[in-house]
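Consider the two complexes below, in which subunit A is the common component and subunit B and subunit C are the respective partners.
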Partner chain A sequence: MKKAGMQKTGLALAAVLLAYSGTAQADFDRVKIGVLTDLSGIYESGTGAGSVEAVKMAVEEFGGKINGKPIEVIAGDHQNKPDIGSSIANRWYDVDKVDVITEVVNSAVAFAVLDVTKQKNKMLMLAGAGSADFTGKACAPNNSVHWVYDTYELGAAVGATVSQLGKKWFFISADYAFGAAVEAGLRPMLAKNGAEVVGGVKHPLGTSDFSSFVLQAQAANPDVIALNSGGDDTIGALKAIREFGLKAKVMGFGLDSPSGVKAMGLQVAQGAYNVNPWAKRDDAETNAWVAKFLERRKVYPGSFQVGVYSAAKSYLKAVQASNSTDPKVVLAKMREQKINDVFTDDGYLRPDGRMVHSVGLTQIKTPAESKSEWDIYKLVTKLNGDDVFRPLHGGGCPDFPAK
Partner chain B sequence: MSTQVLFGQLLVGLINGSFYALLALGFAIIFGLLGIINIAQGTFYMIGAFGGWMLLNYFGLGYWWGLLLAPLIAGIVGMALEKTLISRMYKLDHIYGLLLTYGLMMFIMGTFIYFFQTAPRPYPVPPELQGGYNLGFMFLPKYRAWVVLVSLTFCLGTWFVIEKTSVGRNLRAATENPMLTRAFGINVPALLTFGFGIGVALAGLGGVLAGPIYSVSPIMGGDLVIVVFAIVVVGGMQSILGAVITGLSLGVLEGLTKVFYAQGANMVIFVIMFIVLMVKPAGLFGQEK
Partner chain C sequence: MTTSTSTTDTKISAPPVRGTDYAWYAAGLLVLLIVPFFIYPLFAAKVLCYCLFACAFNLLLGTSGLLSFGHAAFFGSAAYICGHALKEWGLPFELAAILGTLTAASLGLVVGVVSIRRQGLYFAMVTLALAQMIYFMAFQMPFTHAEDGLTAVPRGKILGLFDLNNLYVLYYTAAAVFVIGYALIVRITNSTFGQVLKAIRENQPRMISLGYSVNNYKLVVFILSAALSGLAGATKTMVVQLASTVDVHWATSGDVTLMALLGGVGTLFGPVVGGVIVESLQFYLADSGLPIQAVIGAIFVVCILLFRHGIIGEYQRLRGKH
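Right, the complex of A and B next:
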């Protein structure tokens, strides 16, 4: 009786040891990436199917395998609804055995997915989501990274352009949460850089005629007009600014979408500025990547799409090097690596999950400058990542209190 | 607020108002003559704009051709629809016409979205109308002045045709008393088809005029029709003159709202509609029946 018990214990011990050694050798039998994004709504063109394709392009660079184990990609549509986002995340982690969820445009959905990710101790790589809280009060240093941009960086980057663009600013803001958030982010940054907000107007979302607002801007005689809106509102405002012959420079947040700018035409958009999280280089590697994306998607990649590619590539490199899919292990490896790809050549991952990289102040080319269909932006200045992203300490993340 | 800025805003309001007037006019004609509440009016506005855009991009025909042909295209599409579908609604309650045209709007808009997506497409201002005039208190783009000119011309012209000519008399007679009009040897169904064609062609004209200012997109008429509907209600459903005057004045009022309380600009016309309906249910220029 006793002997049998001993045997059992021995067997169990052996099994545990075996299992343990198995872990050390190959932690996983495959790597599965879930691209959770907006596949059918307003953010689709900037993320959506293009982001899924970008992740697949990263996977292909590894030949679809890591250390002999296959890499799989699945895609899901969160429909911009937090409840749908979290239920997909639950299913992916539990049933489909997804190792990492990425993209997740729309911060409201991303917060919900982050909660699930923390509960299940998995990993989240945010590309399209913009709230600075992901590395602030909602930070999850062991489970998430924030790759492309955030609202703090947007404001700081615009603030950093004051010396080049001018000191008198006028706001034309969309009257909803996004417009208000951008304004709130901009004001202190502009003040910090010695600029003055000489006036502003809030217009209803989806306004078709901007002439009245543009005349108000003209009366205030600003150096720069900031269009704190997106999509068609930005297009409409810019068209009216051109039509009424305003001389002020224009800074637009909705101008980062290449297809949007192409639709309004360079005749209208020329000369307008925006800060783009993707400071695109003009080298062979970048151009080849863009050409490949264009061939597959027929549209030029946006910064969120290049960004999610970069995140996926860095993740896979770290999995390869560490031979593990354990979030803590992979994240540690990712922090060691320099990030150098088509998205950025000077990126590094901070312990709070923030990927710090330089961003670009870009200007839209004139029709004469533009050499081809998608030749739209020129890089005016590269803004140093450490200057525009919020410092590690004191941003609200409990793990990194103010010093 | 300086007087300069105020003048600028009044002028801009007048420009938008002339747009509204043109669209409201088409709407009022169709309701006045046919008794159809044509919710698809915004769709014909979109068809007009797309007509211009397609003529330019597929056939290389510029703005001036677009201005001539796109309203014709919209008018022909409209008359075909009137012949096949809308004419069946005349004997029924207004609500059926409204539902039918609402369905048509969804169908046509959906088809355009399927083929052209919702991203706005650029339609350039013709070279002859680029640039503008410096009025001292504001810079007036030539093209906007042109829009006012064309809209007012067509508004007055249409009013003149309907109120002062024999064609107009026949049209009005056909709606007042179709049986008797027919007894005079006048082809009433053809006249009504023609009337519908004129109404939607005006919307098509509005669309081509709007193309260079706003962008051409399948959803461009969707919101506008609601504003236009409100304007027509305020003016009095059948009143042609009412539609024009209300269109202009509400355009100005909306412009002023954008200065003093911009957030309310989308709402002010509906507030006015609400008040008018409370005080004078037939509209400012309408007659109680």
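Right, the complex of A and C next:
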């Protein structure tokens, strides 16, 4: 008698559980996020420990638990070596049972990790890596998302500013792969928007004297000078442009790092433009998040760090909603959700893995405009994501052929 | 284990003691066999590739005293060729590895002919310069995919039978390559040829006066070292399924020098120990939160200050004394 009663209760419980879990069964006992990034090299300041902290902040918003199951975060340093990145990814998936790897600045490492991820049918969320091929010929719609920016978007966004900045452009490019890639991305976009490239120079990486390059730019009399370089090269070129008193506007790709611009000083950097994948809003939610990040890291968050936070948060929301860590299930759920957080308020995930969101054309403030230590950028225009990201079809992804 | 002497000793070493050697080799083989049951096999396989690379580098430095600072060129070019052969031509690993090794050997011939006329620092600089040329070629040639790297290299099957995607098959294949390479290096070092090289290292003018064509000896060992570095690079591509510009970067030449110095230049087993240490630090410290390069640098400084002859070199020296 008693036994039959218990069986009944058991059946009822099972029925309730089945009804509760609906389509998806809880298939995990914990969620493990691996932040694979550069913790000791040249990309550390833009990603690195700050990205790890950003992911932890996303986890904390869930109270460290999803549906009663703990969320764990581990961090790894790929040292900018693809084979180390790939070995760590292999071990994380095989031995440490990591569900999702995120961040992965440095495209070479990211390609290697994407390859491992596809093989093991896990999930990868790219934040700092920039190659447009992640949603192009290397796309993995069932295993990866590309969250923050790509080289296509960079070119398209700059192209979209032609009407505002001017039609005559001059390039001062660093003579290595990155400089060449940015230039190659820019030229067709500028042409498309009716701008003309009136000249260009290439300088060796780590140039200390930019006088001759800047004088050539002056002779060409452009409306805009694009600095296709990064770090010290951008600083050096910008300083020389200011010293020679050129009137042209400056568009700099190396100006997206708040700490870099701060180190350069607003006196030098003021007025320069850049395209920032994070079109920062000036609302309470964003400011509170930034204040929290500042308190923990003592530096202002960069766009990759805010981006990785956004990716982690969206992932965890999807895991919570679908009660699963299966990449296919989670990705389907992520595509359903609108992305609205401190990184973007109009983002959505496309079937090829591209997260489409608006980006900002920002200008560096003058010392007079800047009210506090980290008050550096002002938003000039918000560029619509659908206009600057490559269309879904025809990007080279085999799953989405050109129509 | 061997009894060959370190670079600073002036006497030519006595022939190795066979009995104890065999015991050591048996122990080493046993360790190789059981390792994948305790250590993640993919990582262990990768370590073996770098150990072989370090041993090949040491074949040049340890026996002939030539410090090449461009060995990444051989390692990396073979890595690329092997990767391309596996991925685009669909060759089995055995053929792809041979192709990679031959590429490295021919490159070794060219670099060797140019560089061995110089000595010491000049030799190192010439090899570095030529290796940098290879590095920039890797950036420019279309089949290397420049800084994106040659990824998604399929592993295929070994001997047409065993699937290399099985981590144990993968490990034992890498171990077999390592054993073959290591055995070759031991044989070369202990041969008459190896003894002549050591004599050249210790007193080149005397060897010339004795009628040896010194440069030919150096060239041959240079090519052998390049070929074995290539074998290591080709195997590494198969193991981690990618080749990238890191493989041809000068920092990789630096890493292999570090491995040889840490373990003990001129000892046969030293580079293996050095390789295991450097690779393990890079791998296991990756999620420790420590600044890896700083830790490796500190260990290097400590080793230079405390064990001038490297870990194995110092061990052998101490054992020799007592």
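One rule holds in what follows: the second predicted complex is superposed on the first by the 378 of 403 C-alpha atoms of A that agree within 3 Å, B and C clash if a C-alpha of one lies under 4 Å from a C-alpha of the other, contacts with A are read in each partner's own complex, and residues count from 1 in each chain.
In the analysis below, a residue touches a chain if its C-beta (ideal position, glycine included) is under 8 Å from a C-beta of that chain, and two chains touch if they have at least 3 such contacts.
As the structure is a computational prediction, the values presented were derived from the model and not from experiment.
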item: Superposed partners subunit B and subunit C on subunit A - clash or fit; value: fit
item: Which of subunit B and subunit C A:G245 touches, first, second, both or neither; value: first
item: First, second, both or neither for A:V268, with subunit B first and subunit C second; value: first
item: Which of subunit B and subunit C A:S212 touches, first, second, both or neither; value: first
item: Touching partner for A:L39 - first (subunit B), second (subunit C), both, neither; value: second
item: Subunit B versus subunit C as contact partner of A:R91, first or second or both or neither; value: second
item: Which of subunit B and subunit C A:G260 touches, first, second, both or neither; value: first
item: First, second, both or neither for A:K81, with subunit B first and subunit C second; value: second
item: Subunit B versus subunit C as contact partner of A:A368, first or second or both or neither; value: neither
item: Per-pair minimum CA distance [subunit C against subunit B, superposed on A] in Å; value: 11
item: Contacting residues of subunit A [partner subunit B, same complex]; value: 45, 175, 201-204, 206-209, 211-213, 215-216, 218-219, 232, 235-236, 239, 243-245, 259-260, 263-265, 267-268
item: Subunit A contact footprint on subunit C (complex, rising order); value: 40, 42-43, 46, 139, 146-149, 151-152, 167, 236, 240-242, 244-247, 282-283, 285-287, 289, 291-294
item: Complex contacts: residues of subunit B adjacent to subunit A; value: 2, 4-5, 8-9, 12-13, 15-16, 119-122, 124, 132, 138-139, 141, 143-144, 213-215, 217, 220, 223-224, 255, 258-259, 262-263, 265-266
item: Partner subunit C, residues of subunit A touching it in the complex; value: 39-41, 74-84, 86-88, 90-91, 94-95, 107-108, 111-112, 114-116, 131, 133, 177
